[in-house]
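In the two complexes that follow, chain A is the common piece, with chain B as its partner first and chain C second.
Then we have the complex of A and B:
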């Protein structure tokens, strides 16, 4: 039922996006492809953080894996693009599985530290084995528009199409997954791990699965970005990218796929806008720094004023319809669980955390 | 043999820097259960302030004192202005607030000071010591020794503060349980601000000590912060001593890897060490045994 509805919505969204993409000029098509790719990564990360309750500050590393996998497969084995994207997802998912196994026992800042170090360390691979990964210059490869679209079909439009199609597929799959048994299990262990384990859920396996899945999404995103830019360099997958993904997740609205769309759009479109703004208001000498400072300020203000992110604000505007995840049942369960734990882990500061009935991982930091 | 001594001493002198950053993170973690991702950025900013003072007056030590004072003030102000309003909101929001602060501070530094690399003075020579013809390397230079002494002295003073003063007792009580401390009459809010201020001071110290090696630019503390964070995680975020030990282990290991294996690999080695430690001790080496729930 849900599958049919989501698939139908997906097809409609796909048609709209492709038509929109055809109407735009080349630069906007390029931006659209970038937004789509970024949203894929942010959506995967929002599932990991907001639904399964594990924090990662290192998802740029999995984009790195996906991007290089695509470049190598296309460059050396001449794999068709669709196959290369799927393979990149698999490779990045496996990498995420390894990290997930290592991370399954880690909580809060310890998990943050491990993933942060991953994001810093992995690009070093490209420098160490220059023969394979091309060092600082990275790898260049080419993508051709398929023959049936005609010779006059622009490459940027084709790239935009591929990114949008992949985005829709990923979103439909994720939306279904979140409504499935697995999605419910993730929410259960996010809200109370002890209770979830007592209810018979295999906590470690679920956590690793979430890591694999979100790494696979990041792999697809990296693959799409590589295909859009037609090259991969270690400089494209810095720690800054990983941190930006995290900020996009929270700005958009944690745990919400719609929020991931907001986050991706902000991430790609706001910095150039701020640069133009700075340049036109006489900040030209420092124009590179103005959008950075502006973004930081926006992050702080949004977090203090709209703690549930953009999608949370939208939801509040649209009325009191509670989404499935924060139904009364889960609220009662949480209250019961808190009463059980009282005395052992209560802390004046943490007590306030859930007052608004929001659904946030209390392990995150 | 000469290489080994050189790498070890170099590792120790790098390690105390990571230890200092780690220590500042531990102070904040104990006070508020928040990880301050802006710690490195704030240290970068206080180093810029110090450089301005040094350039204006020609006196290194005046700049040094001003930087530490600025760190103290900025740390406290940050807690009051952006961290406290985020208390009671979802936990991840505080994380994003500190990341936003980091981005803001780096952007401001770029706007005010420009993004070009600036060299930074040291109070003492950075030429390595020699015993006869035996070269000890830069890790044994007067500057490196000053670095180690400064960090260890700061750590020692903090230990004395925590253990033997009424303020330290209040800080430990607040870290142990905010509610209980409050009920016993401790003004937990002020103690929390003090914790952030002290962390700002230690961070500023680390910035002053490391910046001569990295040059000064808006992102100059990023990689140092990551390694300091790693040091704190290895040691256990609740343990100040753990941050010191973690920093030293990390510094020495990275220097061995750079020296003996390859200059591209220290980050990967750091990752391997971190994963290895956390696999056996998920809350760091010196964590008090946590209650396991599942």
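Then we have the complex of A and C:
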């Protein structure tokens, strides 16, 4: 049932996004593709951190794997794009599995440290084997619009389409997964690992699985970014990127797929907006750091106003109408059903909200 | 950030399309009289919008962040003195932090959203390489890349792209021939950026310096997480090679780190630097900043460094170009130091205005490319340009100089050469033309 509902919603979202993309100018299409790609990575990370309870400061490294996998497959083997994206997800997922095996033994700051190391070390691979990875210069490749769309179809629009379609597929799969037994198990081990183990859950396997899945999402994101920019360079996958992804997760709302969308939008759109804003308000080049400072200010304000992230804030403002953190449709449906059953007048806003006002995704059950 | 006005783009685009259709029907020679029209994207009856990507923050920013403001100062001077056929130049330069992935995005913004007429002086070899295919695919003139990579000279694959400063192969050859002649038999080492910038440079050096004299080649990674540690390790290797001459193809920040590492290792070879990392004011400023010193500390460390330059020396106050640019500097950007970067930015901007005048009153993008393809007269540089339909290299020569008390002192006449392994390095005797009294080409 959930799958059918999510898939139906996904198809609607897909159509809306594609139509929206067609209406935009070329640069906005490019930005839309960037946002979609970024949201895929943030969604994967928010599941890892917010749902399975493991921290990664190194997700840029998995995007690096996905991006280079796509570039190499398209460049040398002429793989069709769709296949290259899937392959990138698999390769990054495997890399995530290796990291996950190590991560399963680590907790808290040690896990953070290990993933941080990965983000610092992996891009160095590109410098080590310059013949394969092109060193600092990276790899350039081309993507063509498929013939059936006609010769005049813009490349940026096609890139926007591909990214939006991939985004919707990933979101539907993730939303579904979070409603499944695996999603419930992850939440169980996030909230109390010992209790989860006593209840018979295979903690280590679940943790590795979360890492693999999250890395696969990052791989898809890296692949999409590469096909949007038509090149991959180590400079695109710096430690700063990993930290930004983490920022987007927290900013959007930990563990919330809808929050990932907010986070991705802020990450991609706010910096250029601030640059233009600073330029049109007469800040000279001597203050090139004005947009950077402005970005920091936006982050601080958002966290002060919405301590539970933007999605948390939206939920608080809109009450029961806004989608809950995980499983957009089913949460509302469930609440409505319960109200009807009980004929209750209880304010649904009170459900699942603890004394501090923090709403954990599933405490309503 | 450059100030720029929001343009109503729909009418511009419509007019541009119309004018292109007309141009396709009629003659393609630039018109020399008549009403000013919106003849191309980015060109209105009153303005010319051009764009650039520049490192305003990040590792390449020290020094280089002055280039675009300096270019902009020259454009403002031109605007205040009649503009280009009456049109004012609006220069929008965006910060790419010397990171190719950001360059990719900002150049798309300039071309797809702002519809700039041309990309001007985009800075950096790795950064610009990431966008050159896109700029050419969009058929946007890509004038005077701020990088000496020989790769910009590819008229058949990148017909829109033109270099400007002397390319690193030529520069390497000129430095190499000097070192080969003056340091016969000594142990020589290379310190260079591990990309086309450094590799082109050592290619040129290799054409002139006997391989038997080269005892070490130490490449650095410009994106190193810890530049100081990276340079420290490489400097130790240079010292271990007992090189007596170190030739560097490095950006200013890494040049300063190299000099400081040498100091801490008590290693003092003769330092020879490409013009990229040898602007005395920039390097001494960085040395002071990194070592937390002030005063003459920085200058004393670069005293006697050998380098080359393709623009007149800032120390030569009798040069008409230096007095022109100093005047503009004092009027428009008095807060910036009058250093080699400011000189560079203004000189490149002057060359762009030269090309714009040559492109005609109502130029299309192709007119601008054609204008440069038919050659530009020598102006700000000490050597002539190579521009032709089959050659997109810029300045073809430079003179060797030594840094003394913070200024470049020429050690000889201008040398010119080509890109080939066997092409000779010869003396160029024609004197540099004087700057026009109006300051406008």
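Just so it is clear, the second predicted complex is superposed on the first by the 314 of 365 C-alpha atoms of A that agree within 3 Å, B and C clash if a C-alpha of one lies under 4 Å from a C-alpha of the other, contacts with A are read in each partner's own complex, and residues count from 1 in each chain.
Everything that follows uses one rule, which is that contacts are C-beta pairs under 8 Å (C-beta built on N, C-alpha and C of every residue); 3 or more make two chains touch, one makes a residue touch a chain.
No experiment lies behind these values; they were computed from the predicted model shown.
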Residue contacts on chain A - larger count, chain B or chain C: B
Contacts of A:9 with chain B and chain C, given as first, second, both or neither: neither
Partner chain(s) touched by A:128 [first = chain B, second = chain C, both, neither]: first
Touching partner for A:182 - first (chain B), second (chain C), both, neither: neither
First (chain B), second (chain C), both or neither touched by A:279: second
Partner chain in contact with A:143 - chain B first, chain C second, else both or neither: neither
Touched partner set for A:236, first chain B, second chain C, both or neither: second
Touched partner set for A:24, first chain B, second chain C, both or neither: neither
Partner chain in contact with A:120 - chain B first, chain C second, else both or neither: both
Partner chain(s) touched by A:297 [first = chain B, second = chain C, both, neither]: first
On chain A, the residue positions that both chain B and chain C contact, one per complex: 120, 127, 239, 283, 285-286, 288-292
Interfacial residue positions of chain B with respect to chain A in the complex: 29, 32-35, 82, 85-97, 99-111, 114-115, 177-179, 182, 188, 218, 222-223, 226, 229-230, 232-233, 237, 262, 264-265, 267-268, 270-271, 274-275, 278-279, 282-284, 291, 293-294
Touching residues on chain A, where the partner in the complex is chain B: 49, 55, 102, 105-107, 109-110, 112-114, 116-118, 120-122, 124-125, 127-128, 193-194, 197, 203, 239, 243, 246-247, 250-251, 254, 283, 285-286, 288-300, 303-304, 307-308, 344, 346-350, 352-353, 355, 358, 360-365
Sites on chain A touched by chain C in the complex: 25-28, 30, 34, 120, 123, 127, 135-138, 140, 156, 229-231, 233-236, 238-239, 272, 275, 278-280, 282-286, 288-292
Residues of chain C defined as touching chain A within the complex: 1-4, 6, 56-57, 61, 65, 68-69, 72, 92-95, 99-101, 104-106, 108-109, 112-113, 126, 129-130, 133-134, 194-196, 221-223, 225, 335
